[in-house]
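First chain A sits with chain B, and in the next complex the same chain sits with chain C.
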Partner chain A sequence: MIHLTHNPDLTSSVIYGLGWVYLLMFLMNAVWVKRSYAIDGNCQLSLGGILGKGQQIPYATFWAVYAGILLMVAITHLTGWKNPQQFSLLMPEILKEPINRASNPVAFFVGSTVIYVLMIVLRRWWTTPTAGWILLNLSLLFLALSVTDYDFRQIVGKPDNVPIVAMLYIVGFFTWLYFKKSVDNDDRRAAGRPLFEQENSEKVLTWPDLVYTELVCMVLVTAVLIAWGIVLQAPLEEPASAAKTPNPSKAPWYFLGLQEMLVYFDPWMAGVVLPSVILVGLMAVPYIDFNKMGNGYYTFNERKFAVSTFLFGFLPLWVAMIVLGTFLRGPNWNFFSPYEFWDVHKLELLNNINLSELFWIKGLGQPLPAVPAGASFAQQAPIILMREWLGLAAVVFYLVALPNIMAATVFKPYFVRMGFLRYMVLANLMLMMMSLPIKMVLRWAVNLKYIVAIPEWFFNI
Partner chain B sequence: MNHKCFLLLGNSGGAVNNWLSAREYVARINQDAPLQQAGSSFLHTNHSFRVKSNMEEKKPSTADILAKIRAQKAAAAAAQAETPAITAEIPPAEPVAAPAVTSPTVTAPVAATKPVDAGPKPSSTKDIMAAIRAGGVKPAGVAASAPVATSAPVAPAPIVPAAAVPKAPVAAVATGPKLSPQEMLQKMREAKVAAGSAAPPVAAVAKVVVPVAAPPMPAKPVAAGKGAKPTTTQRGLAGLTTVATLSGLFLLLGYLTDSSLLYGLGLLAWAALLTPFAAAWTAIAGIGGIWTLGTARFMFPNVLVEPPSKFKVGPLSDYPLNTVSNKWKDQFGIWIVHTDQYEGRNMIFALASVCTHLGCTPNWLDGEQKFKCPCHGSGFYMTGINFEGPAPRPLERMGLRIAGDGMLEVNKSVKYQEEMGQWADATSYVEVV
Partner chain C sequence: MSVGDYIRGSQIWKSVFRHPAPVDRRNRVVVMLTNFFLHLHPVSIKQQGIALSYTWCMGGITFFLFLVETITGVLLMFYYRPTLEFAFNDILALRDITTLGIMREVHRWSAHSMVITVWLHMYRVFLTGSYKPPREFNWVIGVLLLVLTLLLSFTGYLLPWDQLAIWAITVGSNMARATPFLGYEGPGAQLLNIGGYDLITNGSDARFLLLGSRFVGEATLNRFYILHCVAIPLVVSLLIAVHFWRVRKDGGISQPL
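Let's turn to the complex of A and B:
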């Protein structure tokens, strides 16, 4: 029967592998039960009166129950893997459907921005060890259940996508670590206690402490790389041909943010100008950063602006774009939700229009000012500039007037503190960064293609 | 007290010039704004600088200064016994010699009016550097002003300051803690004792060098041989050309006159070319020439492996109305499109299969009736007009005509861009009637 199934959701090997994953999760949580029993203490449980006035129960009990369920699930997988047709521990359709329906670029971007905001607002909560552990377990459960879906597995399980999943966990862990340490230090500052780094400034010797650590890391990394190279085969494809582009055609994973950016901008902007601005902007950070705090220790409260700005550029605008490009962009660069089949013929309405068309045709109800055929440059220029006046004005306003308005209003303290030149560098870097989400939102909201569209001069913004 | 300073005063009148009293003079002038680390570094430059700067703050009149000078004279007379009398000639070669001062009444105002140049009291490194520069430029006249004050009445002769102007202590003076006048005087007295014991042996040296034990400022590097041009033998191309011309001339004359002597001379001249230098030049010119020729040759390869830019794609009847032919895409990178959707005219044209966004190869999707690029999702109608995704302009047309044998012939060496109005060009399409 297996060979008749079109897209077998489950195969024996997947179930068997998942069994080991659940077993590993059980072991992790068994250790956590021990830790929780030693540290977390008790809670009062009354179960709505069933237990009378209530009873003292260690928090570890809940973890033990959870670990026990994991163990049973693992046993189910490890014993029932031979019969995938009857296996029913799948990602429930009731979860898949809403996720599929809610998935679109807008929801993705808005969602990642909301997560970014929550991450900062709730930093005190989610950096506690228990909260971090819950989040880790939830993400692992989500991943393990989703792998039972054929389409999800095809994408996430692709050998060149597996490391990106690992990278997401690493990014998550280090973000968590940063917020945990800075929350701790901010508390210490508030209470007038010395910083963690001051209190624990024990110095160790390079030899042997550091060198031994490095040796161990070297051995571990080598072992992981060898195992990885053996287990996951390199995804080689057919010989390259100039006449045939793979569909979808994807950049290396670390450039998928750039590729996503290219969807919204002219190649000259997204391929040359904005990457250069990113690089130069990162180099300019020491120049524009006048905040001396946070030097040599973790802190958030003392560097709110710097950390929030950097994290916004890094998490929603770079990492989330990599996720979007890797997992959610399919053939013809269409958007596909996580459990959706990558259909080459998926039809998406993407009729984009330029701002000039929006203004002249939709706004004024008249055709675009047309350049007469065979016109010289001097004849062309005024017509083209008149055609694009709104977009040009908007860009000039955005890059020239807006920094000054900001200097007079919201960024006044920065302007006063930094001086004209440094402030202008900062303001323009920020505006350049914000141009990406603005352009994305405009594309999604009104199908805007270019704010200034002068293909005659290869100039599009 | 490490710093010793000596004034060599030209003293024709035999009057004793007292450098210690000069210090006191300075100290008193500085009473309003005491010298920082007084006594530790009494050196001419900073002295003069301090004097200047303090004067600037207070602007003492000539009368004030003269009064102070008179007070100094009394003190000098008292201290005379224990101070070394230093006499010296004016070193003729001394570049920093003070301008000849003829009378005290002139000297003092000079000192008083100088501060305008000196700038305010040094507080930052910048100020100190400025002070050093100011001191370095004209230290003599200013430095001399203090001693002039003491020796003025009897010193019509030019006054020469003690020589090389030490720069280092300025920093020390400027950065140290401020001292009260009493502390300053105290330190000065200590300095007097220390310096007095160490002074005489050095003072005897005619060529005055002030030993400075303070950490010296890094001196400006002075080019040692500046001005003296290195005398290298110049045997460049000019020499080479001369030798070559000469030898050529000799050989030519030898040939014309059939003289073996001239021949021999010509060959000798060529041998002269074989000096290492000439040989190197010859070699470099030869190799450069060969490379240039090789590069030029590279531009004209024997075999061109690219497809011809003009090729036949079959008769009109191969391409039914409103179809896109993928037939030539792999080989030549073009689509042949036959459509009546562009301006309502029934025409055939060749579209380049290069996306106008970033150059990927789009696919013709027959079901959707559009070209779709897999890289960033740009979409084009059958006519080549862009309508979705980021592509900023339509696909490009290639030249197309009906050849003499009735076949369609594509010319890839020309392209026609719609946004430039070039699609109106009759060579960009073939009208079907």
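Let's turn to the complex of A and C:
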């Protein structure tokens, strides 16, 4: 493996900082040991016969061993930070290499979609406190070890990227909380017990119960903001210069999901039409969701379609795209693996092809119908329409015929209950949302660039 | 009589607070009704409706962050001059020499946090089905507030006038150039011409409207400064008021009436 950078993976301050992270993880897990000892019970351990028939030991033992290792790791960092060259607690190359090699946009999107599906299917399993705790620890270990890589640190440690890392944990936590509470409520419903939200329906006075919570919240938020402001300086780069274009040039982080869509769509779609559709779609939500269940309590079973759709739009298509656009897209918007140097000269072969070229050149063996230079609009139009007929037909089929076919088949119950207009809005919003993954798959499978390619009119889909 | 009692018994104190301290049931009710800031809340509330594991508190934190942004933003406005000559240097001074320069850090981190808390607030509202009747329209107002929050953050991003700022805004606003019909590189713009003269050019399209110029320059800085400090906050304040008012009128944050 060639190292393109001569920067050291470790510096004293990184090791020292990580020492505190591991110490914090030790403290968290020490508390967890206590909790586990109190409620998790025992397991039978025989160690392949070494312990004879086996012994009863508390589950907490494993956590105690883990916490002990964390403490030793923390001490190693906090005492050994002065010699970064000799420090060996790094993300092992054995892990970096396969992660780097397996990382690409396809794996990233497929992976996040698989996680999304598993999250729903296995919701009963991963929402137990122990499973949640294991996932949290794994992600923290991954992050802490990855920080020992220079290239990873350059990207994740950018001041404006720090909130994204925090957001991932917060979104993860609240998704976990949602599924936990909805599994609980769905079980209650199945057993005929009152929902959690209905159990405590007695009224309390706003002063003090709510007002004090708000006060504590405000104090905590203020404290966090001030501490954050002291620890991390707001970014300030060189003075603006219209002559020096940075590479990559990135929009603010919350728009990077949209910027990532530019890989698959032209600006008028990725930057104007699709964002507008997202916003109109969000506003339309209350008017197309006719399901009366699930108003004011957490549930999954009673709103499977609505929740799955929303989660798909929010997690793999919004949050994961932001992560991709922020952390994994480097110069020239090329894809870079987590531990890869952002090399400006990295080349990616782009031999993308339009549907019309596939049809005329590859399919019929003819050249594309040519538009004569300097032709007027009226002269251009028939030739262009003929050239792009297949793509235009596909788009019309997708947005006009497909909703009707769906209404007669898979979405029949919805169509019957929603009426024509509502249903059409829903169907078109769904299709617009799915257009991104469809375009992705077409790109990866057949290198498709545009379904309709009319650069003459700036009309590429 | 202690000093405290003397103060609480004075005419000035009573004229401000109108009633004794909220230590008993009656005064805890009265305080909610007579205090302007507290009257956003109902007097009593379902215990379940204020459980943190249910509400996540994200809407409230968003509002609080908006207040933090307003306060730190006003303080920053005392230092910062939105011109090509001064903008960058004023931010540099905030970083290096101004006593309360940390206001810029707090302002920026609050802004990022606010974007995140708005998303999480909407996440909670969706997952508890709180947009369902009678709260459909309040969800719509919420989506508008989301857009305005993003625009606030976007317009503020330009103000430091460093490389990060102008190129992020350049990349973001380049999209407007491709607006159907209204951007000069958008589909349909060619159709809008009179007698062979294009109506939509790079000097008259949606991007020009946004930037006040053909590129991100001084006119853009001024435009974004006004949008960021005056225009958008005014609209946001109005919509927040409507948003809160409707929460109250609709009987709380969720559940059917």
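Just so we're on the same page, the second predicted complex is superposed on the first by the 453 of 461 C-alpha atoms of A that agree within 3 Å, B and C clash if a C-alpha of one lies under 4 Å from a C-alpha of the other, contacts with A are read in each partner's own complex, and residues count from 1 in each chain.
Everything that follows uses one rule, which is that a contact is a pair of C-beta atoms (placed from the backbone, for glycine too) under 8 Å apart; a residue touches a chain by one contact, two chains touch by 3 or more.
The model shown is predicted, which means the values in this text are computed figures rather than measured ones.
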Touched partner set for A:V371, first chain B, second chain C, both or neither: first
First, second, both or neither for A:V204, with chain B first and chain C second: second
Partner chain(s) touched by A:Y414 [first = chain B, second = chain C, both, neither]: neither
Partner chain(s) touched by A:P246 [first = chain B, second = chain C, both, neither]: both
Touching partner for A:W32 - first (chain B), second (chain C), both, neither: neither
Which of chain B and chain C A:Y287 touches, first, second, both or neither: second
First (chain B), second (chain C), both or neither touched by A:Y22: neither
Which superposed partner A:P455 touches (first chain B, second chain C, both, neither): first
Which of chain B and chain C A:V273 touches, first, second, both or neither: second
Partner, of chain C and chain B, that touches more residues belonging to chain A: C
Touching both chain C and chain B, counted on chain A across the two superposed complexes: 241-242, 244-246, 249, 259, 266-267, 271, 458
Interface residues, chain A side, partner chain B - complex: 241-249, 259, 262-267, 271, 331-334, 344-345, 347, 349-352, 371, 373-374, 449-450, 453, 455-456, 458, 460
In the complex, chain A residues that touch chain C: 160, 163, 166-167, 170-171, 174, 177-178, 181-182, 196-211, 213-214, 217-218, 221-222, 225-226, 228-230, 232-242, 244-246, 249-255, 258-259, 266-268, 270-273, 279, 282-283, 285-287, 289, 292-298, 303, 306-307, 310, 314, 377, 454, 457-459
Residue numbers on chain B that touch chain A, as the complex places them: 329-331, 333, 353, 357-358, 360-363, 365, 367-368, 372-377, 379, 387-390, 392-393, 419-421, 424
Chain A contact footprint on chain C (complex, rising order): 22, 25, 28-29, 31-32, 38, 41-48, 50-54, 56-57, 60-61, 64-65, 68, 88, 91-92, 95, 102, 104-106, 108-110, 112-113, 115-116, 119-120, 122-124, 126-133, 135-137, 139-140, 143, 146-147, 150, 153-154, 157, 160-168, 170-172, 174-180, 183, 185-190, 215-217, 254-256
